[in-house]
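Got some structures for you, see below.
Heads up, the next two complexes both have subunit A, just with different partners, subunit B and then subunit C.
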Partner chain A sequence: MTTATPHVHPRQEVPSDDPRVQLDEAVGVFEPIPPYPPRTERESEFYTLGDGEMYINMGPQHPSTHGVLRIVLKLDGEQVVDLDPVLGYLHRGVEKLCENADYHHTIAYLDPLEYISSLFCEWPGVLAFEKLLDVEVPRRAEYIRVLSTELNRILSHSLFMGWMALDLGGLTPILWSFIERDEIAEMLAALTGQRLLFNYLRIGGVNGDLNHEFLSRLGDWMSRATHQIENNLGLLNQNEIFVRRMRGLGVLDKETAFRMAVTGPNLRASGVPLDFRRAHPYSVFTELEFDIPTRDEGDCLARYLVRIDEIKQSLRIIDQCLHNMPDGPIMAKLPRLLRPRPGRAYAAVEGPRGQYAAYVVSDGTDQPFRMRIHDPSFVHLQSVGVLMPGHLIADAMAVMASLDPIMGGVDK
Partner chain B sequence: MDAALKRRLQDRFGAQLIAPIQQRHDETEIRIGAGDVPDVCRALHDEPAFGFILLADLAGVDTGDVMQVVYHLWSETTTDWLRVVADGLSREDPRVPSITFLWKGAEWMEREAYDMFGIAFEGNRDLRRIYMPPDYQSFPLRKDFFLPDDAARSPGAGVRHMEQSHAPTNARAATMIRKSRA
Partner chain C sequence: MARSFSRLTLAGKILFTIFPILLVLTGGLIVVIVVAGKPIVDFLATNIWLVRFVVAATAVLLMSVPSAFLIIYMEMKVIALMNLRIGPDRVGPFGSLLSVVHGLKVLMKEDFSPTGADRLVFTLAPIAVFMATIMSLLVLPFAPGLFGVDMNIGLLYLFAVSGLSVVGLLMAGWSSFNKYSLLGGLRSAAQVVSYEIPLTLSVVGLLLLAGTMSLNTISTNQAGWFTNWYVFQQPLGALIFFIAATAEANRTPFDLTEADSEIVAGFATEYSGMRFGFFFFAEYVNVFVVSGLIVTLFFGGWNAPFPWPWPIALNIDPGSMGLGLLFALLIVPPLLILALAAPFYVGRSTLPWWQALIIGFVLFNLLVVVAIGGWAFISWDWVAGLFWFLGKSYLFVFTFVWMRGTLPRVRIDQLMGFAWKWLLPASLLNLFVTAAALVVVHR
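This part shows the complex of A and B:
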């Protein structure tokens, strides 16, 4: 007779020689929270409330912040006392991605930085690579680059007109300016294959030659562009509310502009005729005729009017490009795999917002060792902190709109 | 290349230069120690012979051995870009004086360099992270920070978590870091 033993399953022993399950130290459920860094001088100044002041968060989903930007406003009633922009909602680490990408591949990463003027983001990168490689770009390619980027400039500026009015509460101009913008976008789509992120410039040239559809669309548009833009302007320039509200708002004087490292139309609106197409010529701008429009007031209206004048100059440049377009190849002869000698190169172009630049360090491999991208929106957004205090909240948004930052470029 | 600018720079800053002046295309490059940055920048900005009034760019660079801070300046007295390289910052504790007293606009660029490289700009009164969250621990653009999907460039290390401490004890073996002599 056998004794009844309780049926016990022996405990399954985990084989301890498996390195995957061996742990040196116990894993807690909660990781220790890293210490929060102490406040900086400026931060503690900002986060100390005076008498009758309060904070308001603007963004990151506010429609007039031009993207995903959060601004902490310190208010005294309706008046902005101080502000603290919080960035990083759109940060994609483009510089790091570029360091891990082929030289040709990098251009596609530069594109989405500023989704309004993509060609200007590609250009400095491409220029810097060409400097590293000592490539001579064919003249036809240079002319096509100038032609397409000036179109892109008009696209950007005409959209700016609409946004500017939208931030001041006028809804119609943005609908009108999108007509202009769409025509140019379609035109560039015929040339590059894309409507928004063109990915058109190549190291040593451009991706495709001018084609019939692009030229016929361009010719058609050029014949009525001046008239059409004048029409759009009538909507705003003769609008008393718009002009009165913009005049004397957010004045940026010459010294402050240089101190804040401001470039582009915002600097020219403060009376400095600094345009890198003239001041530091690249591509074929030495052969082209155009003026540098400036204004002395430095207020929102001046920044708006400078951009309007720039549209007219861009039309002039496009006209000259079409008349002087040389024949020839559109790409320099280059190997597929690029290995520039170790060195450093810096290149800057004048974009619709200011100086777009790239600083590239090569270590002799097929990937850039360091790719620094300088974006004007980043710098200009910083000067909002100087211009906004003292204005009403509604005007503060107008000041920001007049500087025309694009968050894709700010956050890189 | 502006030979006259090279002569002027050599005459004025000869003592502070730690490497010969280099010129290529439309760029002139001078290398100085980190401590000389405020003096050199002030002279370049203020003296009419130079007149570099515009700070075009400020960038941090991690060469794998040392850290650098690279300033690009523009002036109407020359046709060149001037590149001022503050060289030889230690990777463990990179420190350089701030230039916000000349260009207030450098404040955010310095914040960016601090955020990405951990370079401390002494005198910047708002030195905190700008893109990454404030309690983030590591510095993404340093060469010992690998992309998690970039196993090919980190032999033997495989895929690592995005965020890692930059403490020297935790630093990767020096041979694994991509380096540049540039």
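This part shows the complex of A and C:
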């Protein structure tokens, strides 16, 4: 016999003799406690309040969760004791959609995974398909890919600088960094035809050749890029309040970083010079010269500074690409309908946030049998659970901003 | 009747509502004056402070909203220019009427209170905050003879009243039934209580020098050259006061109470409509009060930076001109308009003559305004005082806006540590040094 207790959500019929639903007081409308009894040990631990603690729902409409992330924070005063991230507000089922699209069509689904660095989402998928098909990509196409993605990396990093400052309460840097972003977006729009979701890479090459407008915009920007970025940085790097808040905050040591499978600038800020462009070279990165900036501190300031150094390295790579750009076709000769051999392929690239990877299983038809997308934002968001507890709310925001997750990639 | 009223346009509705009310009020006033005019006038004549108080309170209330509008516009425009944006540019010249429209929007929005809120406290909180701010305007000396009340404990009153606003913020945070608001309210309580102490201690040295708490006397003490300003005798005190006042007014980098990236506007999260408007106005009026207070205490108040007035006397007696005055009034304006319009008409061949005349008319009016303003500035010292006071105050308002455009926010423990570990010892040091210096000088 079952009766609904007043403590439990009315739709949920729970036996009243269950000891786990005997809560001390009625659950209010706005309590973040789920309407069901705790299902795991972890859940029951989290949803048990200690003395003087309270829950607070951060998101999904909170201004500084970088999208629609929801985190239930357990607070003691202003200090974060524990947290429970709730994902899935932006879930679109990209992996499933890809299974019902042909190989060319898949790129358009991969593209909006991360709306800040779209080219990096396309790249691993395209690389994996090329491995399945055994396609030789023309060298000019490879150079154009590197050129456009490095521009996208600068775009992403310059936005990161602004967001970082915005989450610390600074108003101006976000708008200054949007100037940079806008110039690059215009540039890439001239190349690809889109400002945000470029949909530019193709299996066996790229969609369009370099054109006059792109090159003139790029040359114009390159002549003042270094100066302009330095200028923007002055507002933050020489700001005592900013540096004091970031230094020593959210330290991610080497072991934890490995354990949490952190990649990209966040890992390099912890002192590990791992860069997939060097570790597992793809495309033409073996021919290009660049350094891998690292820092040993592993705190928010290090993560911020590593990204700034990466911008400079990206500028270097773009310079070399422009100098070494070979002539030739931009697309390999491929049939209209692609039917790769049955098999599986994995490809990973180094994006602005870390390792973007795709794992494709082909069954010989014109659609991928299974497509698994690895996104760095999702992986990095795990380490929030290690970094946030013990900090104040304000610092929790800064820690999350410094990891630079994009919810589009997290929820897929 | 109701049907005809509903057919009216909006302007007609307003007119037909206000006109009868005004008619009744005027009639009532006439009756009151006829019946009890003499005793009332006698009473007011014997108690002139009452008249003064009512007039001052009305003036302060009337003045607070436009000055808030001005500061809001200034903030929007200045920060926009610092961000390399254009900022408001739609309503009025250079978007200057945007804050007026903003105010109207706030008035017209739905004003609701959330489920579970403590309705009474929720309603009273913005009033408490607004009242505290408005009341502190009352003792601020704007110009010689232009002040609400000249209290001998003016500064004490100001600190006491502006400290009241934290009660309102706490009420708002508590009654909103929102944890973000609660955090904001508690943050503001902790912050304002901590910063009251260095704020008050930093001016004690100045009070030892001035020997009074009356803001008027402090202003008069600083007359003459700008070297007489207390900032040169109390540089450390002025610095501490500025920092603590920034925290007291909840401005960046100490705007933790309404940190939008952390606790989503803090105590104001659940407020909308005019209740939010009160918070909004109170914040900006508070910025003005704080700037005015800094100017009054440390930067000479309404005194010019150099001895004023200059030995200029404009003894214009219009009556002595006789019939010439009539001619001057009739002939000079058209001639001047023509003279001002001529260069535009001649210089720009595409300009029609009537547009040139309009330009000339506008320029003439500007000229007249400048002339009258200049004459008033020279002849009446309260105009000059107001000019200097507002000029210096808005310079500090600009500084606050500038800081908002540049600085990120500090953390709550940094904020507290700064107040207790640095500002408080520094202000005590300032007090001891000042006292010791006074003892040595007077011995």
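The working rule: the second predicted complex is superposed on the first by the 374 of 412 C-alpha atoms of A that agree within 3 Å, B and C clash if a C-alpha of one lies under 4 Å from a C-alpha of the other, contacts with A are read in each partner's own complex, and residues count from 1 in each chain.
Quick note on the criterion: a contact is a pair of C-beta atoms (placed from the backbone, for glycine too) under 8 Å apart; a residue touches a chain by one contact, two chains touch by 3 or more.
If you're wondering where the values come from, they're calculated on a predicted model, not measured in any experiment.
Chemist: Under the stated touch criterion, which partner chain does A:Ala348 make contact with: subunit B (first), subunit C (second), both, or neither?
Modeler: first
Chemist: Tell me the contact category for A:Met54 with respect to subunit B and subunit C: first, second, both or neither.
Modeler: second
Chemist: Kindly classify A:Leu168 by the partners it touches after superposition: subunit B alone (first), subunit C alone (second), both, or neither?
Modeler: The answer is second: A:Leu168 touches subunit C but not subunit B.
Chemist: Is A:Glu289 touching anything from subunit B or subunit C once the two structures are fitted on A? First, second, both or neither.
Modeler: Touch partners of A:Glu289: none, neither subunit B nor subunit C.
Chemist: Which partner does A:Asp220 contact after superposing on A: first (subunit B), second (subunit C), both, neither?
Modeler: In the superposition, A:Asp220 contacts neither subunit B nor subunit C.
Chemist: Who does A:Glu230 touch here: subunit B (first), subunit C (second), both, or neither?
Modeler: Neither partner.
Chemist: Check whether subunit B or subunit C contacts more residues of subunit A in the superposed model.
Modeler: Tallying touched residues of subunit A, the top partner is B.
Chemist: After superposition on the shared chain, which partner residues are touched by A:Phe258: those of subunit B (first), subunit C (second), both, or neither?
Modeler: First partner only, subunit B.
Chemist: Taking the touch rule as given, give the residues of subunit A at its contact with subunit C in the complex, in rising order.
Modeler: Per the stated touch rule, the residues are 28-30, 54, 56, 62-64, 78, 165-172, 175-176, 179, 235, 239, 241-242, 244-245, 392-395, 397.
Chemist: Okay, in this complex, where on subunit C does subunit A touch?
Modeler: Those residues of subunit C that touch subunit A are 79, 82-85, 115-116, 177, 179-180, 183, 187, 252-253, 255-256, 259-264, 404-414.
Chemist: Note which residues of subunit B are touching subunit A in the complex, please.
Modeler: The touching residues are 24-27, 29, 53-57, 59, 61-62, 70, 72, 74, 76, 79, 81, 83, 102-109, 112, 116, 125-135, 137, 140-141, 145, 147, 150, 153, 178-182.
Chemist: In the complex formed with subunit B, which residues of subunit A make contact?
Modeler: Contact set of subunit A toward subunit B: 33-37, 40-43, 87-88, 91, 93, 95-97, 99-100, 131, 258-263, 274, 279-280, 342-346, 348, 355, 357, 359, 361-363, 369-370, 372, 374, 378-379, 382-383, 386, 411-412.
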